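Below, each structure is written out as structure tokens.
Next come two complexes, and both contain subunit A; in the first it sits with subunit B, in the second with subunit C.
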Partner chain A sequence: MAVPGNNNRMVTITINKNQYLAEEGEIFLLTAIRHNIDIPHLCYEKALEPYGACRLCMVDVVTCGKTEMTPACTIRVHNGLEILTDTPQIIKHRNLLFELYLAEAPKSEVIKEMAAKYGVTKTRFLKKIVHDDPLQGKCILCGLCVRVCEEIMGNSAISFINRGPYTVINTPFYEHNPDCAGCAACARVCPTRAIVCEDIGESRVMHSWSETTVALVTCPECGKSFAPQRLMEKVLTKLEPGLIEKIKNLCPECRRKYFTRKEIHKIPLTDREP
Partner chain B sequence: MIIRSQADLESIRKRGLTKIQPNHPRIGIGVSSCGIAVGGMALYHRMQEIIQNNSHDILVVKSGCIGYCKEEPLVSVYIPGKSQILLHKVSIDDAERIISLACKGDIPQDLALCRIPDWDHITGNLVYGDGFESVPDYGEIPFFSHQKKVILRDCGLINPEDIDEYIGIGGYFAAFKALTSIPPDTIIEEVKKSGLRGRGGAGFPAGLKWEITKKAPGSEKFIVCNADEGDPGAYMNRNEMESDPHMLLEGMLIGAYGMDVHEGLIYIRAEYPLAIKRLTLALDQARAYGLLGKNILNSGFDFDIQIATGAGAFVCGESTALVASIEGKTGRPRLRPPRLTEKGVFGRPTDLNNVETWCNVPVIIGKGAAWYSAIGTKGNTGTKVFSLVGKVDNVGMVEVPLGTSLQTIIYDIGNGGALGKGVKAVQTGGPSGGCIPQRLFDTPVDFENLNKVGTMMGSGGLVVMDEDTNMVDIARYFINFASSESCGKCVPCREGLKHMLLILNRIIAGKGTQNDIKLLQELSDTVQKTSLCGLGQTAPNPVLTTLKYFIEEYDQLITPEGR
Partner chain C sequence: MDEKSLDEIIAQYASPSGRILGILREIQIQERHVPMDTLKLLSEKIEIPLSQLYSLVTFYSFFSLQRVGEHLITVCMGTPCHVKGAVKNLKVLQECLGISGESQDGKYLQTTPDNKFTVEIARCFGACSMAPVLQVDGDLYGYVIPEKIPEILEKYGWKR
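And now, the complex of A and B:
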């Protein structure tokens, strides 16, 4: 398959009756974003395989005069591709989906802002209220956290629990999970900022994931706790061996200082500014 | 014994025939799930006990279900040289009488349902004999006379736990013919010519799917049988597997040979323990005869089948969720493409067909595509098995040529509503289908015509509703089912169906408004158009069709304040 960014063939595609040049094989959603064509989306992340669960990026693909609704994150660009992003049908369904999201994650400011941008400010559906929700009533179950934990970090510390309308995301049996590396990649990719974690002293507490607590590495230079221990161990195996000895336990800031000092010392004393 | 030649197969056929038509009386007890539910197993054990205690020269065997579930437990009695007799609604107290009469070459006339002088197994013809003229002929029973048995040809007549009986009526001869004298591509060509369409509900041409799988790059491929039948009210596949498991295995063997695939899987739901048991037994027996394994029938072709059981999720009948489940992952659908024929089980090209699709294969190869395509209508060839259930008089398993009208199925075969009540509608295709009102009963049952009236073929459940049924309640029942079976991956299905259920509950509780009906319509449309997989895309059908055909029932539930 053609990989975007690798000098692929440029092809002509039609979006809303206008023609654009696009790279063959690229995911259409990214092409559209680059051309400033607005398509709302929640579950797409470049680093992961398309998942197609949020259904907000549905667009019409026109083939031989017939249209078919398809998520933009699953369409690969090819020559002659024709897309409509704002037909009355698309807008109608998208607005109703926004209403469903507003009911599902009533506490999410991100969802409220996104929906408002498309003119949806209230929902006709019963709002979901969960007391003591570890995800603060903001989770829309897009699955990005679960996927990043499994596919990128290789930890699978969290997963979907139950099914259908009872689906939630958490650690197995809602217990403290030793598989969690504490990398907080989940919190980073969460589109609605639902995941809560906090660094307290020498540990990181994943409040949303059953208070899973991981130890942090403390910088011997400045005494600041800066990264989860297990994550550090993993990262260190990937560095050049000669490089690591002196700096491996330092926090990023002290590392910068170390290299700056080293560079400064290379300059002969006479050339240094007084 | 390993079958290596036609002579080997022929000798087993003869042995099998003497089991079906021994020179002493043979009594077959219907012990499929439906028969067992009304005491079939107890009856079987009681009969075995009587025979052993009195050392009668009578053979008592298990048999499957002939389809007339309403009349279970059904018992077949064969007296050498005479017509086979079907006894109905047999109770354990009748056991002694049946046996003592059989010893004298007679039958209890009061329990007799019909007689079978001869039977066309399609793969072979069996003549039982004459006699018992006072008992109505099989063809005189309305429930049977409008049916055409192709897939159910052996069901209820042979012992599903004995491979010899299946071979006895000509089973595995099509596989023998295929493996020893037909080139694989000709097999696929023949299935294409037969016009066989997928019986799981979508109706995709089976031969074409086989061809695509065969042409897919890669040497290691899978064929899979989808036996995750989960529609409420549908049990065709269960009966096919419980009553005639070798028909499925033979179909898969021929398919595997045509596609040059060496690994087969049957994905079956755990809720079908008897079908699993009988399939496991059938697999063992087939292996013992060398019909599965290495160098099958001395043809040099290797193939084996394994069973994978589900864990109770309706959505696992969806192809990509089914694959995820086989791989040990959560049963959640993924995006398509890639299709299974390209990337299926463990990433390998996979051909997935429904139980009934596979079951059609032996007769297509045995009798030829022309014979098969003469059944049914153009574009919809062959027969289809339906489970006729709900508030219909004759509940049971019905097989008719495609294109038969609902009228024929519900009135001629089903004898109309139960307890003499009027029929109001029929639900086809389970939770994915819709409710068809009585005035549209002249609709021919085929893939296209059912779609036209807003429903679908599905796997073949026909749930009949009578005049007492509230259609809004029916819609709620199916939405509740679909919502609780939703995997929860995409928002329209997970949240949309939940809110549809809440709205329907509100309407039924008398708290609904006209706006609720409007919102329900709107939401149904969005769920249908934007869901990720077939479950969500078809789940609103029961609501959409009841809104279309029975809107007055919704209106009646809206109080004056809600108008």
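And now, the complex of A and C:
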């Protein structure tokens, strides 16, 4: 089964003693997911380079009869790769890690559900309870939000603060940060849904990032606020020339309406209903 | 710190390797802390996001966001000093200076309200033979017992 759109060589790999076809050079975790082999993972995000922060996707790589524990998201597929995903060693590691995560992020439903799926419902470790935690006691410090903000959005509005057990993620000086574009990419990539943001009227409030507030643009057609102003400005610089000027500032819904009317009913935009 | 002195510091660090930490170190030494405004100005000047600079400053124990007092007392908390009673010494020191051992950010750096003394802890000075040891403004004191602490502090202008 070749993956459409890729010209890479297909190779044979062994997962839990069964043989599978995989594309050379692809990330092993993705191969496993495609073949419905269950590997728990939290910090893998396809928009970013694999990082191996959460350690949950640990698998055993067999080379010359010896096994070595490696995160599945950092393994690149090559011919003859041999992997074991549920050895006693892996299960022990995984269960301990779930216990640690239950203590680190005691409020996270995602972690609780995932741990329960693997039979871990209790933790022997002291639960980390922070009062008025802007990340609701759900952050596991995987760093995805920090990386997406820096590498993809180019804003670097948030970063790690302090170190060791005191590490948190927030804006510098815990202040409203003008570097934040309000794109909410951080909230989207967060594996434990720890980041809170809310659209209130014509602004978006990033509750988790020291209540940083950004202005939203309003659709001239329906009057709904739909995207952060700074993000919109950036997006508009990337448009291909020749795009219809009229629909440039519309919200996605009104754009669709515009095209529907134009293409199907052949009604000009000026004759629109109230 | 004014803009001119900051520019001078930045000019000293032209090469990218070690640049940011070098500049921050220089600011910490000159100002005895890293002021918020200076950090914001620096971020604009060297075009490094403020969040990353703040991350560095809060990570390294060398940097401090609050002004360090006139005299810096470093108490060694390495294993030999710990065994020989450094915990008791630190407690007496806190009682003498009227500061508490609470730490919000994991850095142990406490300053008296009059800004005269700052107490910090370090791991090992390498002077284990003289344990427990503490350092005041670079002067090393060995075989410290709680009774000797007021005596040491008086040398630096502390009054009972």
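Just so it is clear, the second predicted complex is superposed on the first by the 258 of 274 C-alpha atoms of A that agree within 3 Å, B and C clash if a C-alpha of one lies under 4 Å from a C-alpha of the other, contacts with A are read in each partner's own complex, and residues count from 1 in each chain.
Everything that follows uses one rule, which is that contacts are C-beta pairs under 8 Å (C-beta built on N, C-alpha and C of every residue); 3 or more make two chains touch, one makes a residue touch a chain.
Quantities reported herein were computed from a predicted structural model and do not represent experimental measurements.
**Q** Please work out whether A:139 is in contact with subunit B alone, subunit C alone, both, or neither, and reply first, second, both or neither.
**A** After superposing on A, A:139 lies clear of both subunit B and subunit C.
**Q** Once the shared chain is lined up, is A:173 touching subunit B (first), subunit C (second), both, or neither of them?
**A** second
**Q** Could you look at A:103 and tell me whether it touches subunit B, subunit C, both or neither (first, second, both, neither)?
**A** first
**Q** Taking the superposition as given, does A:124 touch the first partner, subunit B, the second, subunit C, both, or neither?
**A** After superposition on chain A, A:124 lies in contact with subunit B alone.
**Q** Is A:165 in contact with subunit B, with subunit C, with both, or with neither (first, second, both, neither)?
**A** So A:165 meets both subunit B and subunit C here.
**Q** Could you tell me if A:157 is touching subunit B, subunit C, both of them or neither one (first, second, both, neither)?
**A** The answer is second: A:157 touches subunit C but not subunit B.
**Q** Regarding the shared-chain residue A:51, is it in contact with subunit B (first), subunit C (second), both, or neither?
**A** first
**Q** Between subunit B (first) and subunit C (second), which does A:93 come into contact with in this model arrangement: first, second, both, or neither?
**A** first
**Q** Does any part of subunit A touch subunit B in one structure and subunit C in the other, and if so which residues?
**A** 159-160, 162-166
**Q** Inside the complex, what are the residues of subunit A that reach subunit C?
**A** Interface residues on the subunit A side: 150, 155-166, 171-173, 177, 179.
**Q** Residue numbers of subunit A touching subunit B in their complex, please.
**A** For this pair, the touching residues of subunit A are 50-55, 58, 69, 71, 74, 89, 92-93, 96-97, 100-101, 103-104, 124-126, 140-141, 143, 159-160, 162-167.
**Q** For the complex, which residues does subunit C have touching subunit A?
**A** 36, 39, 49-55, 58-59, 104-107
**Q** If we count contacts the way the header does, which residues on subunit B are in touch with subunit A in the complex?
**A** 313, 330, 332, 335, 483-492, 494-499, 502, 519, 522-523, 525-526, 529-532
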